[in-house]
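Each of the next two complexes has subunit A plus one more chain, namely subunit B in the first and subunit C in the second.
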Partner chain A sequence: MFLKEYILNIYRAVASLLKGMKTTGRYFLRPREIITQQYPDNRAQMKLPERFRGEVVMSHDENNEHACTGCTACELACPNGTIKIITKFDVTPEGKKKKALDTFVYHLELCTMCNLCVEACPTSAIKMAQTFEHSVYDRSRLLKKLNQPGSKLRAGVE
Partner chain B sequence: MYRETQIIETDNIAAAGADAAGAALVINVGPQHPATHGVLHLVITLEGETIKKIEPHLGYIHRSIEKMCESLSYRQFIYVTSRMDYLSAHINNHACALCIEKGLQLEIPGRAQVIRVLMDELTRIASHELWWGAMAMDLGAFTPFFYAFRERESINDIMEETCGARLTMNYMVPGGVMYDLHPNFQKRVKSFIQLFNSKIDEYDDLVTGNIIFQNRTKGVGVLSREDAISFGCTGPVGRASGVTCDIRKLYPYEVYDKVDFDEIIETAGDSYARYQVRLKELRQSVRIIEQLIDNIPEGDFQAKTKAVLKLPKGEFYSRVETARGEMGVYIVSEGGTTPYRIKFRSPGFSNLSALDHMSRGSKIGDLMAIMGTLDLVIPDIDR
Partner chain C sequence: MLSLETITNSIQQWLYSTFNPTMALILECVIVMLLVIGLFAVLGLVLVLMERKVAARMQIRLGPNRVGPKGILQTAADTLKLMMKEGLTPNGADKFLFNLAPFMVMIAAMLILAPIAFAKGFQIWDINIGVLYVSAVSSMSVIGILMAGWASNNKYSLLGAMRSGAQIVSYELSAGLSIISIVVLTGSLQISAIIHSQQSGWWLFRGHIPAMIAFVIFIIAVTAETNRAPFDLAEAESELTAGFHTEYSGMKFALFFLAEYINIFIVCAIGATLFLGGWMPLHIGNWEGFNHIMDKIPSSLWFLGKTFLLIFLIMWFRWTFPRLRVDQLLSLEWKYLLPISMFNLLLITLIAIMGWHF
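The block that comes next holds the complex of A and B.
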């Protein structure tokens, strides 16, 4: 009785191992079902979804105009102090002083891509870009100015 | 039977060991160790190969998240909680959002509720799959890791498409969810369920039935029902010891009271029971998703909220079931825009506290099986 149980145990053990090996062997023989991506080589074909959050960018149109009024809603919404908005005073044609954006400072090294700034922006001036390869040799290169030089506020955006 | 943990002074063992036959040996596992999946430091007192005592040392990844939250507004602090239990980031965010909504007495649109539950369950599947792979790797089986990641990857793709990130989504906001579902969401979840149902049996073939795995987990690290309750173990660890502790059943939130699913209870309390509970929970999560995916109501995905949230003066508590157990958020508000005090009740901390009790008397090789099935996420324990 003891011997029968002993041999049965050995049989069950070997069977359980073979069952697992069968699954492994099946994939060994069908390499097409393996789904590894050859990442740095497939950059050209790789397409990230449009909602993917890689970094904050400010969109400019063909006249080098943006939609940022310098209201600092994004600066207040940011949990990490990633955004710093420096404003200046423009003189309108009527001779009035008007607050406008001077520099949109963006610290990529502090950003956690939480999307709260984009949600807070009342004029949809900033958005998230899909770029994600942010490695640089020096930390200071992660400090970015988002508005292009010479750009100005698009007419009609308040 | 409840068994009091005997307090052993390390010095006494060393002194007693000098007289006795086998001298006590104190070894360190971690802070950098492949089996701890993070910076957990265990000081283990051994007598021969038998564990006499385990002392977890925490603090290597303490980021003072609770203190940080005190200086952030109610919208801002949610994103930090993704960094606690990073494998169930959605569910942590959900707990915070629920607590704020309780304070604001906000009614959540039906669509947002269903989206939240769908995301929670997808996260639970992803988390349990990672656990399954990592636990098999702890026990010396390397291949299951890749099988688990194959299915997990398709969940990550779904998350990436709808929430914009793969791991730290910050998708649950007070009042609902951040964006509406992506148009492809339903199609992709359905194809995931199809993939998952065809592959889940491979998990049993590869690991569950394996004789080496069974011998290493059956009867190892037994936690009795009374001990599980007294240590505050929740989630699959508590349920494997026979404790009814599923918050989704006990205190249903969102639409959990309308969906049909089973709470998995095992009574053995050993590592194998914990393994079984998690594998069965995978199937239950799929069951919940199958019921909801075709019944997402139309409507708003976010309730109207003010730009600056202010909670009334008072104390608020909400609890949810994460992949690891009960997660509680306790907010004390003084009526301002930032919380006065926040406390997170993390499941991992309570589950870790039972480790010493469970592993006393087992061999050091069994420690990996016990820790693997506890499913510890160190940033969740340390915060």
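The block that comes next holds the complex of A and C.
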């Protein structure tokens, strides 16, 4: 019985080692599967994975309108104070005061691309962009205002 | 036809007709020395590049591809960088042993090269105990490693060196037993005689399954003896930073690095000589046409082809298998490889006595 177990052990070990070698050997024989992107050379036709997260952006439509209500849910969700929402009060035609977004301040230098703000946003106003060439010569240039100048809340978004 | 054998013979004749015998012998030694050093340099460059390329392909990467066309000058650039660097000796180290160790490792590697037949009639020293010499000298390299580990005065280096000692001492046994199994089949320790005995077929095939088992055990044991992954406990980057060569830098580090690759080449050359017929071309039974075509290929190409095939196999191991723990390493040797190779040796002896091999 001992001998049988011993030989079975060897058989199983060899089989599992060969299985591993088969995998790496297959990769060796198929250079088409290489996933390296030769980045600066293929900048024009580079393909990033769909879920790659480069920075937070706010999407604006053709009328320069965004969907941010200034609810500060993203600011509360952010784990390291990357987002600062400055609000203002708009006056509606009926004469009522209404809270609205004044400036969406985004510190790219603090952001860890954790995606929590995008998940927290109730109106899908912000999203993750695929840009990643963020290097600048001055730190202050990483401080961004996400809402474009003169933009306003899209009608119908609450 | 131009072959390495005719070239060496004509050089020898010219030397002995021009100079007196002593002078000619000295000149021959100098030529051999230069050839060996040249071979070492070329092998170092080629093998390191091959390793990096093979590793990259197996990990779905590209590998070095910037220096020179397809990156073939990468290792030359690396060597140049290592030569420029400062070879630092730590303050607390034993200076003499510390500086001697890399040369010990290199000299041990150089010594093993002596009886290896690179092509038909192209051999430095056809000693009549060639295989015994190889297995005796190959255990010398552990002295250099122990020296480096001890003289560095560093706990990582010492641990690495001690592990290497335990490893080489245990794996030498099964490597030796697999070598003996071929010696039993051949009946000779001389490298050239072993190669000639494989004229009708390589021992790997002629010795039936026991020879194949011996071959597998030999490959595993020499992978361990050369301290390569999955048996690279002596350097184990993740636990011991760099093991025995943690404190080495510059050219002294390069010598250790080079010696590792030279050792791989040497053990693969020995494996090719013992099991795959050295420079003997592949002959299949009585297929006259096929055998004739195989004879056309130069013997040096046969030898290099077989050796590089085995080197590729060992690289394949390295980039596939995870590293063993020390206890796993020793139990693999003492509980599995050694009993199996002893039993296997008995089988091979039986085959040799009864003449069952063909």
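As a working rule, the second predicted complex is superposed on the first by the 121 of 158 C-alpha atoms of A that agree within 3 Å, B and C clash if a C-alpha of one lies under 4 Å from a C-alpha of the other, contacts with A are read in each partner's own complex, and residues count from 1 in each chain.
Rule of thumb we're sticking to: a residue touches a chain if its C-beta (ideal position, glycine included) is under 8 Å from a C-beta of that chain, and two chains touch if they have at least 3 such contacts.
Owing to the predicted nature of the structure, the values given are computational and were not obtained by experimental measurement.
Participant: First (subunit B), second (subunit C), both or neither: which does A:Arg12 touch?
Facilitator: It touches subunit B, and subunit C stays clear.
Participant: Have a look and say if subunit B or subunit C is in touch with more residues of subunit A.
Facilitator: When the residues of subunit A touched by each partner are counted, B comes out ahead.
Participant: Quick one: is A:Gly25 in contact with subunit B, with subunit C, with both, or with neither? Answer first, second, both or neither.
Facilitator: second
Participant: Which partner chains sit in contact with A:Glu62 here, subunit B, subunit C, both or neither? Use first/second/both/neither.
Facilitator: In the superposition, A:Glu62 contacts neither subunit B nor subunit C.
Participant: Once chain A of both complexes is superposed, is A:Asn115 in touch with subunit B (first), subunit C (second), both, or neither?
Facilitator: First partner only, subunit B.
Participant: Could you look at A:Phe52 and tell me whether it touches subunit B, subunit C, both or neither (first, second, both, neither)?
Facilitator: first
Participant: Quick one: classify A:Glu158 as touching subunit B (first), subunit C (second), both or neither.
Facilitator: neither
Participant: In the superposed arrangement, does A:Gln38 touch subunit B (first), subunit C (second), both or neither?
Facilitator: A:Gln38 sits against subunit C, while subunit B stays out of touch.
Participant: After overlaying the two complexes on chain A, where does the subunit B footprint on subunit A coincide with the subunit C footprint?
Facilitator: Touching subunit B and subunit C on subunit A: residues 17, 20, 23-24, 35.
Participant: Which part of subunit A faces subunit B closely enough to touch in the complex?
Facilitator: The touching residues are 12-13, 16-17, 19-20, 22-24, 35, 48-49, 51-53, 77-79, 112-116, 119-120, 128.
Participant: Using the touch definition from the top, list the residues of subunit A that touch subunit C in their complex.
Facilitator: 10, 17, 20-21, 23-25, 27-28, 31, 33-36, 38
Participant: Can you list the subunit C residues touching subunit A in their complex?
Facilitator: Of all residues in subunit C, those touching subunit A are 54, 57-62, 65, 316-317, 319-321, 336, 340.
Participant: Give every residue of subunit B touching subunit A within the complex, in rising order.
Facilitator: Contact set of subunit B toward subunit A: 72, 75-77, 79-80, 143, 150, 153, 160-165, 168, 170, 173, 178-179, 182, 202, 205-207, 209-212, 214, 307.
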